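Read through the structures below before going on.
Okay, so chain A shows up in both of these, paired with chain B first and chain C after.
Right, the complex of A and B next:
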């Protein structure tokens, strides 16, 4: 039986893969996301300078990348004003963005879908109350809410080693969750509202199944396809958010190789001196966000077809 | 020859393909049809037989992934339709060829008033000025018997009932007196009473206008009552073509034979005969067998059937059949001489499963329903909020008393909106009742499933209408069957696995089905699994809410037989809800007739087809399209408007539509229950003796044996 389930999962995966390949854009997106994922996982092995803060004596070296001759050179993306290798910093930056955006997405999808399933199945005043809170949260501009939350939490004084301090250290994760749990919950809720009227759910009610069983065994599997689509979409927004917060100085702190932060550090007067130190991390953000979007388009098509 | 000049429509070697996943699949192969002026030809087939595809191709209106293959011939009034440009086709559609769709609600634009939609069509067809168009719209509305046409014209489609919407689409199709009318299951979504009205209307209109009609349906009864010729389609090929009378008296193709004998005829019941059914499923269109397409399911199959495709042989004028063995197939339908094990089995009478009516105390009372009510609250509008007025709730079920007896089937019939499904959901506990009492074997049954004891839960089960949704697509058949065994009967997982296989066997599915998922099952197989699941807890009462209405005719009878067999083995009682009176009449021991939330007649099933009946029952019975062209009932036609359950008629709720209304008393006083023989109860102001003289026996039961 387990083998069967695995087989079905594999069949679903193959269907998704086939659908991705049928549309070159989404195939390209998937390949690019995979490429960035490799950078994120093996950044230390791939970067010429595993320490992002290695300083060469030659600051402000122009990029040595030669696309015509297919040569990287010593500093493919040049060095910044402090002599750090931009190429290595971009590669190493992939790790942190995938970690924060990925983990944040995972948390929001898990909690958000549990919340949405519960609301949708329960209905009545529970749904009404939680629904209004969600509406209120969604009414506040995302970035504003993020900045306020970060501002408050960072200014609180916590004893080192306490859980509050741990939370404050991961405040970006918290922000992503607060912002995206409501969005995911809405999606899960609306699908649940549709599924719960199906007769198989009523059949489960008739045999006296617990709410927990009905929500997770009977309804959840049918909600998963739309959750997968939503998760991929949330991931692309999370990347954008992490980069934005880095740029605004609310994310990672200097000198960490965060893409958003790198864009921020090298703008203004520095842009005249070392334009490449801004352009390459900015390009990385743009390419990754577009790639994730293309991929999620493909996933959505596959899921809609398979339904 | 001159014959072809006389034919309005001449179709030959018509092959239609659809592109699916980059492959062209021939959905209809070698179709032919000759239609003379003023003729009505029925196109019969099950889902997937290609009948709608033919309809669209005749109109040259296939979707973009469909095409008519080379070599096909399609002429309309001597003109080759396949060579026409789109602009020429549009002119034909506007004036000479019209289409009536199945789903009238979807065919009408929801945001344009009826009057404007119809006048627009008139202006396009006849180039009329808007004033003239309005006048001729009124004439057409009058022709289709629309009450109050001026008001109807001012309304939006959602403000009309399904029957009225279908009249509008028919009215629009009759604009400019088309020569060819293609009707694609125009009455399938409607109640029997409304269906009867629409069929009468169509018959009358066509006789007046000499319009030719291609009438597509899966309902053989409708064909028998309406058409002159029939074409039977199966898996995209013509199986048989004949005049209606010939086809019903002497079908020559095993498939036609199977179809005809799988429909329960009024008066036929589980006690007298098992229904015949066609085993198996239609072939997949992407893997059409090289031999006869019906060979897999045919009871008369021999080797040649699998090897060689039979030709469509012409027997006599207008009669052809595609079968190698048609000469050997010469049955009369009732009783059937075909004695073939397992398939078209003979009519062995089952031992009588009941003997006592609902009123005379025979059989132990299993469930007692006392004065059960279900009101749905209505949102208050602003005036009601300000005036602190409680709005009238929707009284879906309004005081129903019923007794269900152990091991018996109670059929519950009524039009849609009569409250029969709500009553079922109240009994099973999916809806909380607003009042009344439920007792199961003397135990008080609580309001909703969540409050009910384990004992009550395991004794009450349900089979749902739509097999598509009644199984979880992500759970295998084994998982679906295991759960109630573990949950309600306390089996260990190992025991449950063994029992799940036993259950599958009981519903005639092989053990290998245990590992399949619902998307790998056909509709009939899904419903069998759903039935097995309902029987898993060994219940005393199973509520069957239209369990066969979503299934094809050939599959329906097998499921009905299964339900009858299982009842005999388990002694479970059924509350069987259906709008199809023939089906209820076949399976039920007792019948309750429901109208606007109340019961109006309760009695033994075989009484259903004999007077006296309640005037409403009479109308329902007379509306059944009987599968016998020789049989003409005098229809008692009801206006198609069921009053709103929020604003119920005073006195007798049926008085607004009653053909036997006797006067003010009907509108003022609630009618009394009158007792007839053997526990037969009728709620009417007219005494039963008088009713008997007013009414005639509408359908004779089993005249042949």
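Right, the complex of A and C next:
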């Protein structure tokens, strides 16, 4: 049974990889996402200044990057008005956006699919009530809900070290989970409705298996493909949201090397002085968002073809 | 039909109830004293807190509190603002809502015709060069966050190109900031509306044009199109009279969705351009910890969105008798 599952997962992985290669744009997206992932994981080793707030004596140095000669120079992306190396800050910024968006996606996919599987399998009034509440919640725009949640939680003061304080520190993670659990639950529910009429589920019911066993061992494996598609889509939205909240000043606090925050700190009058301090983090956001979109497009295509 | 309308209205009221409960209880269920939070957290004095508790009726039971809060909202009694001295929440919100509506109107006037045209062209030339070019253009724009496109427009279009000699001689000029007086008239405001509206257009473009493209392609494959073509009706007539009429029907829904997108998408765009709309008011209210104002703005926004969705569904059902929505 387990070997079969592993084999099936491997086959699905190969199919996905092959489909990615057939479409050069999704392959490009995947490669770029992998590149940013490496930056996120090994940023400290790769950045010339592992401390993002290292200040050199030369503030407002123009980028020394020379694409023609393939040379990085001392400050490839220049330094900002405080003399911080923009190149190092962009590299180090990959970590926070991947951690928040990735962890948020993971939490919402796990909890959301558990909820959706339960709703879909249970059916009846449980499903009806939760489903209607989810529909209603989805009518509220995500950004509005996020801003209101953050606005309120930031105003609460907690004893330092308490679990509430820890929650308030990770408010964006909480926001992403609250926003995306209903969305994921809806997808998992509709797929479950389709799967639960299949013979193997009926067989398990006749065998007298527990509800937990049927949901997680019989139904879940067939729901996973659509969950993977949804997860990649959620991840791209999460990156978008984290960058936007960072820009609006509701994400990481200064002096963190957060891309959205860096863009916000260097706009307006500062743009005239150090345009590169805004342009490189903005470019990083743009490239990452497009890459994740291309990758998730490829995953969706592969899964739909395989199904 | 009647059945559908009844169900749709029921859903509207249910959704409204859930959203208002969410907005109301966010302040109540979270740990901590709501009166203290509203009064401004740690800096608040005990008298201020007691006064706010009295004013909000926090000593009553939760359902009673919700009912009186909802009644006050429906009556238009949204309280006084803490962040903006001397103003009443309602006046502030109405003034800013009008500004946001102006911006949304200009954005819709720009984006709907443009994206419909692009979508129709792409659909008629499925998988040919025009389609590929349009897809590339719209896809590369849509994935960018609003603040990136907005800053690009400000820094490159308004500042760099706008100051070039060519642009100056053409008299082509966009202000790089839209920070106008909040009570300016529409005509006064118009010059500073173009650029933020264009930023919103860029974001909506891909979405509407992709849906239109899909609609056109689907209609072109129908039997009646083949029949009409075989009957010898001019292809041009087939397209204009039949295909587009059917393919563009879903656009009504799309416009409604755009309105609800605009309501939240404009938050970022207004902030980037410094435009005095509802979105930038929301950000200011959160920054200045004026939670009653935040609540009121959230309720107004949700109201607008739910009405937009409701009217779109009803209009769609009325215009398309085939829609069987049970």
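The working rule: the second predicted complex is superposed on the first by the 299 of 307 C-alpha atoms of A that agree within 3 Å, B and C clash if a C-alpha of one lies under 4 Å from a C-alpha of the other, contacts with A are read in each partner's own complex, and residues count from 1 in each chain.
Keep this in mind: a contact is a pair of C-beta atoms (placed from the backbone, for glycine too) under 8 Å apart; a residue touches a chain by one contact, two chains touch by 3 or more.
Predicted model, so just to flag it, every value in this text is computed and none were measured.
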Fit or clash between chain C and chain B when superposed on chain A: fit
Which of chain B and chain C A:206 touches, first, second, both or neither: first
Which of chain B and chain C A:149 touches, first, second, both or neither: second
Partner, of chain C and chain B, that touches more residues belonging to chain A: C
Contacts of A:240 with chain B and chain C, given as first, second, both or neither: second
Partner chain(s) touched by A:8 [first = chain B, second = chain C, both, neither]: first
Contacts of A:221 with chain B and chain C, given as first, second, both or neither: first
Which superposed partner A:169 touches (first chain B, second chain C, both, neither): neither
Chain B versus chain C as contact partner of A:74, first or second or both or neither: neither
First (chain B), second (chain C), both or neither touched by A:194: neither
Superposed arrangement, angle subtended at the Cα centre of chain A by chain B and chain C, nearest 10 degrees: 90
Smallest distance from any CA atom of chain C to any CA atom of chain B, in Å, after fitting: 6
Chain A-facing residues of chain C, complex: 11, 14-15, 17-19, 22-23, 26-27, 30-32, 37, 41-42, 139-140, 143-148, 151-152, 155, 260-261, 263-265, 267-268, 271-272, 282-283, 285-287, 289, 291, 294-295, 298, 301-302, 305-306, 309
Contacting residues of chain A [partner chain C, same complex]: 132-133, 135-137, 139-145, 147-158, 164, 236, 240, 243-244, 247-250, 260, 263, 267, 271, 275, 278, 282, 285-286, 289-290, 293
Touch list for chain A against partner chain B, complex: 1, 4, 8, 198-200, 202-209, 217-218, 221-222
List of chain B residues in touch with chain A within their complex: 428-430, 449-450, 452, 454, 457-458, 460-462, 464-466, 469-476, 478-479, 483-484, 487-488, 515, 517, 530, 533, 537
